[in-house]
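Each in structure tokens, the structures are laid out below.
Next come two complexes, and both contain chain A; in the first it sits with chain B, in the second with chain C.
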Partner chain A sequence: MTVTAIRTHLTRRLGPLLPILGAVAVGFGVCGLIALWVGLRPSLMFTELIKGAVEGPQFFETVARAVPLAGMTLAAAIPLRAGIVNLGADGQLALGGCAAAVVALYLPAPDLVRLGAALVAGMTIGALYAAVAAAGEIFAGVPLLLSTWLLTYPAKGLCGYLVRTPLRDPTTAWPSTARIAVGARLGALIPGTPINQGFLIVVLVAVAVIFIDRRSSIGFELRLRGLNERFARYGGVALDRQTLGVMLASGAIAGLIGAIMVLGSQFRYTDGALTAPQYSWSGTLAALLAGGEPLGSVIAALLFAALQTGGFAMERSVEIPRVLTMVLQSVIILFLAMRGAIWRRS
Partner chain B sequence: MTFAFFNATFFDQAVLGITPILLAAMAGTLSERVGLFNIALEGEMLVGAFAAIAGSHFGGTLQTGILAAIAAGALFSGLLAVGSALLRGNDIVIGISLNLLAAGLTSFLLRALFGVSGTFSDSAMQGLPRLTLPGIASLPLLGPALGHQNALVYLSWMLVVVIAVFLNRTPWGLRLRGIGEQPGAAVALGADATRYRFIVTLIGGALCGLAGLQLSLGSLTLFSENMTAGRGWIAVAAVMLGRARPLYVTGACVLFGLSDALGLRLQGEGLPNQITDSAPYVVTLAALVIVGLRRRRLNAATA
Partner chain C sequence: MAYLEMIDIVKRYPGVLANDHVDLAVERGEIHAVMGENGAGKSTLMSILYGLQSPDEGYIRFKGTTLLLQSPLDAIAQGIGMVHQAFNLFESLSVWENIVYRREPRRGIFVDGARARREVEELARRHGLPIDPQARVASLPVGVRQRLEILKALYRDAQVLILDEPTAVLTPAEVTTLFTVMKSLAAAGCTILLVTHKLNEVMAVSDRITVLRNGRVAERLVTAATNPAQIVRAMTGQQITLPSAKRPREPGAVLLEAHALVVEQQGRRVVDGVSLQIRGGEIVGIAGVAGNGQSELIEALMGLTAVAQGFVRVAGRDLTRGSVTERRAGGLSYIAEDRARTASAATASAIDNLAMGFHRAPPLARRGLLRPAAMRDWARGLIDRFDIKIASPETAVSTLSGGNLQKIVTARELAHNSPVLIAEQPTRGVDVGAIAFIHGELLKERERGHGILLVSAELSEILELADRILVMYEGRIVAEFARAAADERTLGLYMAGGSRA
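The block that comes next holds the complex of A and B.
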């Protein structure tokens, strides 16, 4: 390869990354200004943020946080690849987690069977709930953007009701189900760290999504639609079936993550506990950052997981509210979108 | 269910529930008509609600709260105006990130400025006073709901008429609709599409700021995180259902306000609030499905 060839190769590979790096820089800049405005030293804030994300045991915290976040990112990325937005991941997550808890608690079967059935139940409920939104668009033209978001409220309400009344464990202060037996939990993957076997499941899902995206006709048709829906239709892509498939897959992953969080780290379904860390929020932004490309989305999810963990440390040591990292994430995407770097208008 | 089920309180709740959605839906109507899909209503409303509280707390008067809400709503929507109208970025992605930014920013400022999380309220703060319309307020059942509300509620009703007349009876309204329907033709006739879109987005932001003001200073005097609770999205749905015709959109808003009040009323009857709180969202979804199916059938019949 000649020097020019190498240079064009590099520009082609790295060119699309430049606006992203620029946006990340702007995000940090804006947050620095906000910190200054409320009377804090930005340099101190950023060192605490980075140290809190990767230093010592904090690194394992980041990895543990990256597991659900990467899952929710994939749940957002699959539809995004086809130009579809699923804003209802929180509802699918809550229903999946709640269903998994019920199965793991009450299915009369050996522990390991209960564990497997709970994971499948979480996926199934999440997928079916997302399919409701897909059906709304296919049969009545209700935009997914709107229906997915509106459907989160009844889902969260239903789970909140269930753990307050029929499923309530009366020994806890906060509304939640009883604790799941040790045998029906996802065990620790690296003892002494918060990383559980859910890590392996999410890695498997990520590899599968990346493979399907790159190597199968399903992935090709998804990308085709994302680039140009009319062309995809003309090219023979069955758009309605694709919409349904995309939502089933996205909802299944969100439901699975709910199940993993319940079975792997919380051991019970507690009202609001799955949605409080706002993984669906960060996941949507991470997927947008990578334009729905699955590998890029997972990398963005790792970055955002580090920001979240760092945010906790920053809040502890310099008392800067950690929601600032949420502001940072939104500003990055906002800036990219304003520049037209995501989904350029046709 | 007795007659007393739909009592004066029910209708008062309904009117209170309608107002913020109606204000935001008018913002959405204008956007839709000028050819922008504005899904940032939720975030603009939340920013307005926070600014109203911050303005009245630090400014010390109700007026500073009102001004802060309008200014903050318009300023925040400026990001959408610049990104979407000027730079032609994707309005959906910008809208999503603006909504998330609004939630993050207001939560952050709540902690940074007031040192609390969850809810902030200040006993010295004044809410919007209720005004009594003589004659109407003394009517039975609907009287208090229609004749004993704050100025913002009456303003929202007048705005519907003003916007309907503006869109359908003025040259600016004609140009605005032209830009939305046939941007090429409108521009060829001399209408400045970018300027119209920019101004409409800012006005929409100010209206959403007022919607937020109604939430935080309308009947209560407090701000709580994510207090908009999907009202901006319900407004987006109302614009869709009413096909961006101000009067039809108002009809949809009334439906949602009534279902909101119905939820509260059923809660009073002993139903668990986790279920009744879902009422407005379920009604909105049902309305979208019914109207969607009807439109499909009509389209199939004419095709």
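The block that comes next holds the complex of A and C.
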């Protein structure tokens, strides 16, 4: 192979990745400059960041954080693949967690059955709630961008009401439900670490989504709609049914993640506790970073999880505010948004 | 030395040599046709002459001096005007306002409207281009708007006029008028550069022809001493075999039927009670000036737009409320007018583009799962059969020329082997070789006993292929002819909304 042939081969293979790597590099560069400007050593910042993300027990922290983050990323990536945006993942997440808590606490059944039913309940309610927004667009022309976002508030409000009045655990100071019995929880996967069995569930979901995306007729229709919606419609893709399916899948995953967080690490539903870490937001960014391609989205989610855990550790150890890691994430996305223009010109 | 010369022009774009040492010489008062297939470099050459692009090498000499054009404003100042295919007019302003815009006669700080109107009237009379200076542009038909564009250039003292595909949007009668105007302008000393790919127009109106191919001058011809075959040879570099004349055929059963179809948009009936029937083994052509409801009619037939009244039947089944999916399954396939925006996904590979619609069933899928090897073979097969020039089946179709992309679309839609094919502008902006190929394929469909509904703005295409011809005007079918009873003049009359005689 000649040099040119090798270069063409590399460009074809890595072509789609180059702008992403470029944006990541620019993001780190910008953060380094900010660090310099406020009188910090960038090298110190970056070593603390990386150590805080992967060194020793911090590695498990990162993995534990990556579980819900990757899940919420998939919930964002599925619609994004078809050019649809689900901004309501927080509502679906909260409802899913709340429903899972209720089932795990009050279903009169053996522990394992309660656990399974709680996971299914979380998925189902998340899916149904997302379907409300889809129906709004299909039958009444309410844009999904608007409806998914606005429907977040009633969902969070309802869950907040439930844990303040009928489901309130009077023994705690927080607006939360009672604690779920040990038998109905998702157990630890690696004892002594915060990683629970939810990890396996999310891995399964991710594998399924990637497989469907790449190998199924459904995935083909989704991808081509994302590339050109007019073409998909012209070619006979039933767009309304697809919208509904996409929202059901996205909402189901968001609801499932809510259930996993409640059953695997929080053991009760506390108002605001599922949405406070803003996994749906980071997930949307991660999915955007990969243009909705599921494997890339998951990889981006892992990167963000590492940045976030690293950011916390960095803040603790050298008192560099972790808001810098949010700046880093934002800069990466902004530069990526420019890639079209930059790369087309060169 | 010629009146206007472009000498040794070179223009490079990334990966393309658009103009490769092109020389063009034009005499004063001449109508000079610049011909070539898509991508031959004629647009680039004209945009250099009009100052839109600057050449990498070479220069322009006009009336003995070398011109340095930085922008169209420079070109206009030198007396070079251009009428683009898409007009640049203020629709809400009047004719005279459009003409004098940025060169208004003034009185103090005010526009001298009375004088402007007088000047416009005088200009129109001098050039034999009648127009009402007070009319709103929005109310004018396309032919008059074009006349207005020409007047705009003349008002700026254009001595050289570049007309880019000027007949694309005109009715035959308007074309005849335009040719008369061009000839009288030329007789008065105006030099006209006509950019076109239509042979009959070049033969009818030009004095000399420069043919470009792959960015180079392929041939310089004197119109009076050449013939269409020679021009085609120069444009394509090869002998094109035109499809054999079609055999008469007894039409079969009704395959597609529309009855009293109405489509409303913003309270307006864009399709107003259209009824038609397509039988097996016949090609029905819909003639009409673009924008008279043809696109909306087709979208209604395909289920892409809602039907307000009437019904659509495919092979006897009522599909008026059916989705695109159901209609395709019911026996319709469809070559959409806009190949880049509707009929393909530009960034997707040829494999994906050719698999669309075949991706749910064997052989390309089994039990809901795609079969990548089968998809690739499928694409390979169609690429070979339709002789599509593409690097590999994995290549994105955005890299293809118009003709090859159109072949991708045609290949996919014909592969459905549906009883009815709707072909909307199937050869617009496509090179001569691909036109001949696509026409041949449409005729083969007819031989197979399939019904074809052909919508085209090119009358010659309809006259060549159709067995029956419907004329559409303002959303209605205003006339129907058997092919033998139709001629260009009569069709043109109906297309312009004239005469119900």
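One rule holds for everything that comes next: the second predicted complex is superposed on the first by the 323 of 346 C-alpha atoms of A that agree within 3 Å, B and C clash if a C-alpha of one lies under 4 Å from a C-alpha of the other, contacts with A are read in each partner's own complex, and residues count from 1 in each chain.
Just so we're on the same page, contacts are C-beta pairs under 8 Å (C-beta built on N, C-alpha and C of every residue); 3 or more make two chains touch, one makes a residue touch a chain.
The shown structure was predicted, so the numbers you read here are calculated from the model rather than taken from an experiment.
Chemist: With both complexes overlaid on chain A, does A:Leu224 touch chain B (first), chain C (second), both or neither?
Modeler: Once the two structures are laid over each other on A, A:Leu224 reaches chain C alone.
Chemist: Quick one: is A:Val142 in contact with chain B, with chain C, with both, or with neither? Answer first, second, both or neither.
Modeler: First partner only, chain B.
Chemist: In this superposed model, does chain C or chain B come into contact with more residues of chain A?
Modeler: B
Chemist: One more residue to check, A:Gly160. First (chain B), second (chain C), both or neither?
Modeler: First partner only, chain B.
Chemist: When the two structures are overlaid on chain A, which partner does A:Phe28 contact: first (chain B), second (chain C), both, or neither?
Modeler: Neither partner.
Chemist: Can A:Arg215 be said to touch chain B (first), chain C (second), both, or neither?
Modeler: A:Arg215 sits against chain C, while chain B stays out of touch.
Chemist: Applying the touch criterion given at the start, work out whether A:Gly236 contacts chain B, chain C, both or neither, answering first, second, both or neither.
Modeler: second
Chemist: Would you please give the residues of chain A that touch chain B in one complex and also touch chain C in the other complex?
Modeler: none
Chemist: Quick one: which bits of chain C touch chain A in the complex? Just the residue numbers, please.
Modeler: 302, 304, 323-325, 328-329, 334, 336, 341-348, 352, 355-357, 359-360, 365, 368-370, 372
Chemist: Of all residues in chain A, which touch chain C in the complex?
Modeler: Counting only chain A, the residues touching chain C are 215-221, 223-224, 227-228, 230-238.
Chemist: Per the contact definition, I'd like the list of chain A residues that touch chain B in the complex.
Modeler: 34, 38, 85, 87, 136, 139-143, 145-147, 149-151, 153-154, 157-158, 160-161, 164-165, 281, 284-285, 288, 321, 323-324, 326-327, 329-331, 333-334, 337-340, 342-345
Chemist: Which residues of chain B touch chain A in the complex?
Modeler: 39, 79, 82-83, 87-94, 96-98, 100-101, 103-105, 107-108, 111-113, 117, 229-230, 233-234, 236-237, 240, 272, 274-275, 277-278, 281-282, 284-285, 288-290, 292-293, 295-296
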